[in-house]
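Across the two complexes that follow, chain A remains constant while its partner is chain B and subsequently chain C.
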Partner chain A sequence: MNNLSELHLDALAEVFSIGAGRAALSLSEIVGDEVRISVPSVQLINAEDINPATLSLNCGQFGAVNQHFSGPFNAEAMLLFTEEQALKIVSDMMGSQMSLEELAEFEHEAMCELGNIILNACLSAMADILGFTLESSLPHYAVASANEILSRLRKDNSQPYVMVLHIDLAIEKRHTAGNLVFLLSSASLTNLVSHVDQFLNKLL
Partner chain B sequence: MNDPHVTSSAKLNRGNGNNTEKYAPAQSGVKHFDTEDIANAVNIGLCVVNAAGKVLLWNDWISKHSGIKETDALNQPLEQVFSEQISPAFLSALKNSLTHKLPVVLSTALHRTPLPLYHEFELGIQQPRMYQSISMTPLRSQHNEPCCLIQVTDSSTSIKREKILRSHSEILKKEATTDGLTDICNRRFFDAHYEIAVADAKRQKYPLAIFMVDIDFFKPYNDHYGHLAGDAVIKQVANTLKLQLSRATDIVARYGGEEFVLVMPHLAQDIAEKFAEKLRAAVFNLAIPHIKSPSFHQITISIGVCSGIPEKNDNLLNKADTALYQAKQKGRNQCVSISLCETTEYLEQ
Partner chain C sequence: MHMDKPTKKLLIVDDSKVSRMLIRSHILAKHPDWVITEAACGEDAIALVDNDLPDYCTMDINMPGISGTDATEQILSKHPSVKIVIFSANIQETHQERARSLGTTLVSKPVTEKSIALALDYLANA
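Coming up: the complex of A and B.
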């Protein structure tokens, strides 16, 4: 658990910030306005220690975009926003061309795309910088309650580590906070650490 | 057809070649179908481009909806295959997918019609483009060349289906909240609406007015004129009450047999009293004959009103009902108003 030091976490935060920058650029192209994404912090938590506060899962329904990544390490990646925020983001992205009523039918698909952009950007930045290749499944969107999400995170014994990235997303003056969660097996975590080590050694 | 790429569609494998076993048929070495036949039979658009952007696969669906033959597309740069422009978002998504070897999706919501695809081609008629959902998946050819499989689905059908479902659900929702006889709101709708209205008035501290309305001597009317005539009176009274409402926030509902209830936010006691009198007069002016009504010989209504800013345990509905009871006691065809701050005991003196 402690084999990911502050230095490792800093390096990963740096890597994900680059990914966030790429995602912001892609989103700006779609929205036609400035989009800013930042990753203020990265945390590594034992899955069993995870609680609603760590993920700011207060109440209500959440929109989750999932992608399964595989390569030198495997990770189940999940991007979480409250459903209300997800709807607002999507409606901002679509501009005023559609009414909120019409929105519901497109919400899932649009959130899939948004999640896909952010997840791909973060993972591809990591792959580029740490020097490996990842494959991924297509994104999947689901709406779930905080309890459903937590029990899913806790129940998977094969992936006892949870890496949490807090994400700030600003589209057209609207600020939204979300979380990017990676579920990792111990082997995957070890592989990730060794790749970060190799990267840090090259720098030193 | 000397270029190996052109015929490579049947040899394309998912992933990076070494996990071919995963996708091979159960009896190893025996292929039951030609991948190209499958690609042409499926009801979605399939297209494979290589890292240089050249088309390696162009299935029948894409041919049909783009109006571009496979032979004209194969081995051409995708951007030049279409005579119309491809959306920049599509091109950057494709670039991303090819560079990072990660799958990408383009939703209908954010990109209605990225590719110039049409349902049908009619000469001389400019058709609107087909709504599309697109996904791009990285793929390696048997020559280990990184490629990208583009899948296009027609989302117009799902949009249409959603619209039909939504209109059905709107009809059902209306039926569930409307009274079948009078076409005004039903008791179920009132119960839900009343709770919300009271909570809102409490929170925002504004007066809410509740009117309980009852048709006088309705049972004798029914007995004398018959149930059909009784129903007709209920309908006429409901319609008359409804016509007095002009604000979108006000509702009238059928509370029970010949009882109605009105909920009107932002209405203080004095205005509520005047409005109740207006309701009473409107029904009186219908001048529906009722020979079994002892004092009036026509259809009349009694009204109980309660208005005020609700606090903790205040029950506007009970007080309006008490007021209605008093209106009946006092001889019917009249309105009685109770302010929310008056206590029931005081009134009963």
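Coming up: the complex of A and C.
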């Protein structure tokens, strides 16, 4: 199991597009403005083959919100923004003329909340559409370098598959690109694919 | 006297093949005689409508190329008789307002029996 068919990827992209739509609705209510979202794209990669380009990780520091999801399949989900973008989002969420120092104080809490909204919107859309229930842990936010993130993704032998969802979010006309990364074990990937197959079989 | 309902032509516009399959299967379950065509982007939809005018159209918003709302505006400016329902996951107020201002409505995804029923109801009464 190291490949998903075009139809599997299309089904997952559509599921995540619905999730991104739900997340954008929540975010637009928080920031009081339209949140523009791109057409999401989904890729499945072997963890050992992951590189900075696959995650659009250039250089500098990244803000990463982690959350663990469990149910018929388990996944470690990670939402990645550059730290600069993370601070812009926090600034939009707080909606006031805060200084950078003040913003940094709220960064942790606001990014956890943002991660919670986006990750849960995507995972709950998946659970609703594919017909199962997923439980989520509390979100955890950390700032890390690209190398730290990549080595963490590569070293987890129990989760050899990485599903990458790339979404662009633009809040208040600022361009903000985020990556959503799911780490999956072989068994979890097999279970996820079998749920996607059940969903697709109803259509064929 | 029994009157057969006239066969309708429906155009489904969505970049996701799975989404088009879902809409098609739900609609054919209710209206097996409808003639359905599909387009994967707004530009193709505009060309298809110019070529063979449908009665109804379902339109996604977030697609590569022009947005579904822009495609709707272009289609309706040339062919105001087409009844269009916007079917999208992007359910923010801005898009709902835009749909209303174009004289259409926005039905939120996912594509389910319930959301299809809302869309069909709108198309039948629009």
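Rule of thumb we're sticking to: the second predicted complex is superposed on the first by the 198 of 204 C-alpha atoms of A that agree within 3 Å, B and C clash if a C-alpha of one lies under 4 Å from a C-alpha of the other, contacts with A are read in each partner's own complex, and residues count from 1 in each chain.
As a working rule, a contact is a pair of C-beta atoms (placed from the backbone, for glycine too) under 8 Å apart; a residue touches a chain by one contact, two chains touch by 3 or more.
These numbers were taken from a predicted model, which means no experiment stands behind them.
Annotation for the three-chain superposition on chain A: chain B and chain C fit side by side. Once the two complexes are overlaid on the shared chain, A:93 sits against chain B while remaining clear of chain C. By the document's definition of touching, neither partner reaches A:192: not chain B, not chain C. Of the two partner chains, chain C is the only one touched by A:129; chain B is not. In the superposition on chain A, A:180 makes contact with neither chain B nor chain C. Using the contact criterion defined above for the overlaid structures, shared-chain residue A:10 touches chain C, although it does not reach chain B. When the two complexes are overlaid on their common chain A, residue A:39 makes contact with chain C while staying clear of chain B.
Superposition on the common chain places the nearest Cα atoms of chain B and chain C 15 Å from each other.
Residue overlap on chain A between the chain B contacts of one complex and the chain C contacts of the other covers 128.
Within the complex formed with chain A, the residues of chain B that make contact are 15-16, 88-89, 92, 96, 99-111, 133, 135, 137-138, 159, 162, 166.
Residues 7, 10-11, 13-14, 17-22, 24-25, 28, 34-35, 37-39, 125, 128-129, 200, 202-204 of chain A are the ones that touch chain C when the two sit in their complex. Within the complex, the chain A residues that touch chain B are 26, 29-30, 67, 90, 93-94, 98, 101, 103, 105-107, 109-110, 112-113, 116, 120, 123-124, 127-128, 133-139. Considering their complex, residues 15-19, 21-22, 25, 62-64, 88-94, 108-110 of chain C touch chain A.
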